[in-house]
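Right after this note come the structures.
Consider the two complexes below, in which subunit A is the common component and subunit B and subunit C are the respective partners.
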Partner chain A sequence: MSKQINVALIGNPNTGKTSVFNALTGLNQKVGNYPGITVEKKEGICKLPRGVKAHIIDLPGTYSLNASSLDENVVIELLLNKNDKDFPDVAVVVSDVENLKRNLLLFTQIKDLEIPTILVINMADRMSYKGISLDIPYLEAQLNTKIALVSTRKKNGIAELKELISNYKDLSITPCMNASEIDREYFDNLRKAFPNQLLYKLWLVITQDVNFGKTDRNEIDAVADFKTKSKADLKRLQQKETIKRYQFINNTLKKGQTIDLNTAKDLRIKLDRILTHKIWGYVIFLLILLTIFQAIYDWSSVPMDFIDTSFASLSEWTKNALPAGAFTSLLAEGIIPGLGGIVIFIPQIAFLFLFISVLEESGYMSRVVFLMDRGMRRFGLSGKSVVPLISGTACAIPAIMATRNIESWKERLITILVTPFTTCSARLPVYLIIISLVIPEGRFFGLGYQALTLMLLYLIGFGAALVSAMVLNKILKIKSKTFFVVEMPNYKLPLLKNVVLTVIEKTKSFVFGAGKIILAISIILWFLASYGPGEGFNNAEEIVKTEYAGQNLTDDELHEHIASQKLEHSFLGITGHAIEPAIRPLGYDWKIGIALVSSFAAREVFVGTLATIYSVGSDDEETIKNRMAGEVNPILGGPLFTFASGISLLLFYAFAMQCMSTLAIVQRETNSWKWPLLQLVIMSGFAYIIALIAFQLLK
Partner chain B sequence: MNDTIQTILALIALALALSFLIKKFFWKKARTKKAFNDAHDCDKCH
Partner chain C sequence: MQVTVAHLKRGQRGIITDVSSIYIPLKLLEMGCLPGNYVELVQVAHFSDPMYLNINGTHLAIRKETALHILIDIL
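Presenting the complex of A and B:
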């Protein structure tokens, strides 16, 4: 059996590390979490020359091994723990040709851990454009490494990189810098106390708050004739180390790199001036958002209609093709409509992620972060909070995990608490179905009312997050320091492969993550809707026949009345009627009440629940939308989904905390039930009040 | 397929659905190595 090489892909943020990872692994990748924590772990398999396989781990982006956030700690923990099953046989440090000086700081630190290390200089295609030339043999000699000049955009250099990885045993492990240079006396003592340990590794253990193997800081402190320094002294020595490293890097690049400024053409500065302008920057961002939401609507309508009618036909076909009975009904009235309620939204979700991914890939998203930082400060947040708030449009869970790179605890806590207001993809199905029912299809200056409503809901979510952040900033008495650094990557044409992989990954996780829950809930709902206690359910047929004895009902009409009688007296109907008094002032009936309760597990369950409830007992081949549009208000008559009840529902979903997984992650990130419970009570209470006001004003 | 088989299949589906939801939302996973203290306050370190 061929040996598998462990390869750690390390680099500063925005060096194209993920593009290198995608180029090496293609579709052979999976995303998970590091054990015990929620930092994302990307792994993949790469086939190397001569039948060798490499297990590639894409580590979180970090500027140095002096970690300041939890996801950066992941990198150090892995590199310091030889017993970790993922400990790399070879480290591949990815750098950006335009930021080589800064990127080499991390490289020299990893090299000093005596791990075989390859330096990837990425975005090599920009060298001629920027007037950069490199003396590769000289740099290889100075840095004691092998260099792969790569352009993931032009697909150059990947084969050479694979060749270097497969020959990793030939790589030199000579360090770039002698660790003793940091403080000779201190390091001499350290060497005496731990003669068998690598000095630089010991230094990192002393200066970092990480665990590794059997040697930790307590053990170092416990050695009688050796005392660690004070925190302030250690900080000073860390700064000295950084200066020494930059001296080494400057000397190396003086000969190894030349930049001809006359050849460099810079469009970036001109673009930055417009895109981050204090007025035009916001106008352009708003226009981009408008275009995105309009396109989501215009492009997805055809595939969505196709999916909707296909599921309705499948349900009908199942009912006719299989023998009648409980399981057939479960399939045709429970499982298929429930799943249809999620599959129908694949086109819109895929288009949303397509646009988000293009904005990220092009480098525009970093400009948005920079642009927003100015405004964010007023609300007690920093520019770094924009990343969780924007990624919250996909899902609050990874967004809350992304707060780990916010250094200030107060800013981090506020960001965690307000992120669930951002419109996540789970809200999207609810918004889309209700908007299509209650908002007319007309256009205003070429923009559809429905698209404008959707954009407004996104802005409401974002606005609610900002306002609650401002309130929390005033209420929370936590002292904290704050600073904001953002990397402005170059503008580039998005790589099709990266965009496609992102869209597939995000859509897959939406469908399979939510799909399993929806399937399970659909099954339970079908049981609750198909069985019930007492006379009202068991003698439904006789009751209806007696009630309508004088009227000449057709068979279909009679069947519909019986189904309605059964549903109303089923377990589900009884539960729905019990909660109806609380939700009637909001304009909802007991069926919507059931959907509200079931969607506390996950918001997208709402549509699946209604699809299941409306399908039970129905013989018609109808789409979900048509069934919802045909529902009649039991009290007032007329359609149940009116403008007033629709807006009330939209606002309820915009503010309510309806995601058990998010609550669990908030508990984990704050290590307390206090914050998720407060979130649940305050957000849902606020949602109820706003929905109530909206319905009462608009009805 | 007679009624009994249909009912058994439907009940199996219900049992699977219930156990999935219980496992997903209420089952406490045993944690592996605990890498960081969850209540980590970055401000104390920096």
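Presenting the complex of A and C:
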């Protein structure tokens, strides 16, 4: 009785499939990757009536079973492979009540695979508003299925859906259309050649361009007496199939669905008149961006200050409460400051993801794609590049994965190559702390200087992305057929549950992903900073005492000198000094140099690294920011973080390619090492030159 | 001259008569861009490109170069 039912959620994009998934699974969900590819795999557990459990997979959105991308490929691969451990006992096709006609296309295809299928008609709460009425018993009879009318917004119909899933064995598996109608002769031959195979499955295997590792395409090619058709013929047949399916759907809906256009009220038209307007559309988009940056800066300062001081106290408390020794020192000077350097940025990152998910959920993002396409094409990009470029402000990795729906390879490649210029959330910590050190407070037309600087840095990131796209567009000689189709979904009030779950999930993966690296690096750094070879380190106390013998130093001052002598002659100090000549012209000292080098693991490590370096040997309870402000330039004297060195650092981080994970994902998505290496060398080289110029001009 | 979707004015409707399958991706057909279905121009961006259409109840945007390959009778 305790066998889990495998359920696959399938549906067009923008049908609220994820809302249904969230309603079924709540917090019992996890996000991973399909083995070997970077397509996100969402799965969860749902409790059904009578103690049965269902394992639910939220498959990527697709318009049909004719895959044109890696994401869509996942859907077919699962549905065609009966031996897959996730192969669904029951498929739940989620459709949107307002786009039933189009949504049913996918439904009829899945029915033809003879998998038990439930049809969910989502957003049922909008039916009366849109003047739609449905004859459910008639539709169920025509489509050989059970229908669940669901409203995730009003929380209706989920219990009924669970009931249907638990009774999946009662579902009919009779197709609602006969695939062989597409071309009788061809399909008859197919049937003769493979009498034991499901006809529609064969057809899908034959027509898909994508490579099916697990399915039996080779088998089909191996049977010599069966002639496959030419590509053009196959495409013609696929077109015919689509027409046939629509004929069936139109006939079904003619009787099963009535739409009273008089009662239909359309918010879409009114909103689109403004939001996609030739002038107002852009003005509103700019205002939205402005609000986001102001909010990220202003709203999160309170929790950030709180976290900063809490970690400083925690570190101090650890030092006092635990017995002195290497472990306490590792904890108090290595791990806690290192982790503090990441935890502090949770508020901002959560806000950023909050805004991005609201823009996506509401349907506004598609309008941005529409507005920007023409302009973006001038740079060799597509309107769809806007989504990666905007989500690049969260993290370049999902952003690069989001380029998959760009149809033209050249536009897609350019988008992948320039996306790392956009200001990702890992740069944010670096920007924030440096801005707060070198940019004065004060306001300009109600906007803080610091917030404006931040906005400027984001604009520099976008600017760099656009300019390099233009250059790449000129250089790259790739011919690829381009076409551009983007759905403009209805405007929807974002569902709180969806937004909250997205924010939690993304923030969690950011913190844990970065947390692991930061933890490892802070331990290594602490070790390198706490131990050293030779006289300078081991006899630090003696050396300092002799050096300052004549001067009457207090114990505290003496202690400070010993600590800095030790740090300078530790392994870390020696390495830092070795690279200092290369970075001194940029205005940095060896400590920043260490932080810079460790940033190539991941940028956000910068603050944690400095926190660790600065806290080794220092006794006071101090925040990271105060420690940085107190640093003295070893050569020039005066504060190390001045306007010139601060700007130089900001610009270096704006342009440099300092993220191993991004390089790995670019390698995967372009299937070549050439592009990521090019990114690494060109971006970082450019960053060095710009930072050098900035410092030399400003100092 | 053949009349195509690119000739529609804002708010105008037409009936699709033919789509040339060489230039039109299958995905567009699957979204309802098929002979016999209606098409309405909802909104255009600068230089009428891209075009925001309502095809058979599905709202989508395509570029002008694609719109030129969808033949219609203007209503």
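Following the convention adopted for this analysis, the second predicted complex is superposed on the first by the 691 of 699 C-alpha atoms of A that agree within 3 Å, B and C clash if a C-alpha of one lies under 4 Å from a C-alpha of the other, contacts with A are read in each partner's own complex, and residues count from 1 in each chain.
In the analysis below, a contact is a pair of C-beta atoms (placed from the backbone, for glycine too) under 8 Å apart; a residue touches a chain by one contact, two chains touch by 3 or more.
A quick note: this is a predicted structure, and the numbers were derived from the prediction, not measured.
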Looking at A:E407, would you say it contacts subunit B, subunit C, both, or neither? Reply first, second, both or neither. both
Between subunit B (first) and subunit C (second), which does A:V467 come into contact with in this model arrangement: first, second, both, or neither? neither
Which superposed partner A:V632 touches (first subunit B, second subunit C, both, neither): neither
Return first, second, both or neither, reflecting whether A:N73 touches subunit B, subunit C, both chains, or no partner chain. first
After lining up the shared chain so the two structures overlap, which partner does A:G325 touch, if you call subunit B first and subunit C second: first, second, both or neither? first
Considering only touches as defined above, state whether A:I524 meets subunit B (first), subunit C (second), both or neither. first
With the touch criterion stated at the top, can you tell me which subunit A residues are shared between the subunit B interface and the subunit C interface? 68, 407
Where on subunit B does subunit A make contact in their complex? 1-3, 5-7, 9-10, 13-14, 16-18, 20-21, 24-25, 31-36, 38-43, 45-46
In the complex, subunit C residues that touch subunit A: 21, 23-32, 34-35, 42-43, 45-47, 49-50, 52, 56-63, 65-66
Note: in the complex, subunit A contacts subunit C through residues 63-64, 66, 68, 98-99, 101-102, 105, 235-236, 238-239, 242-243, 246, 268-269, 272-273, 276, 278, 366, 369-371, 373-375, 383, 407, 482-490
Within their complex, subunit A touches subunit B through residues 34-37, 68-70, 73-74, 77, 209, 211, 322-323, 325-328, 330, 335, 406-410, 412, 479-481, 516-517, 519-521, 523-524, 527, 601, 660, 664, 668-672
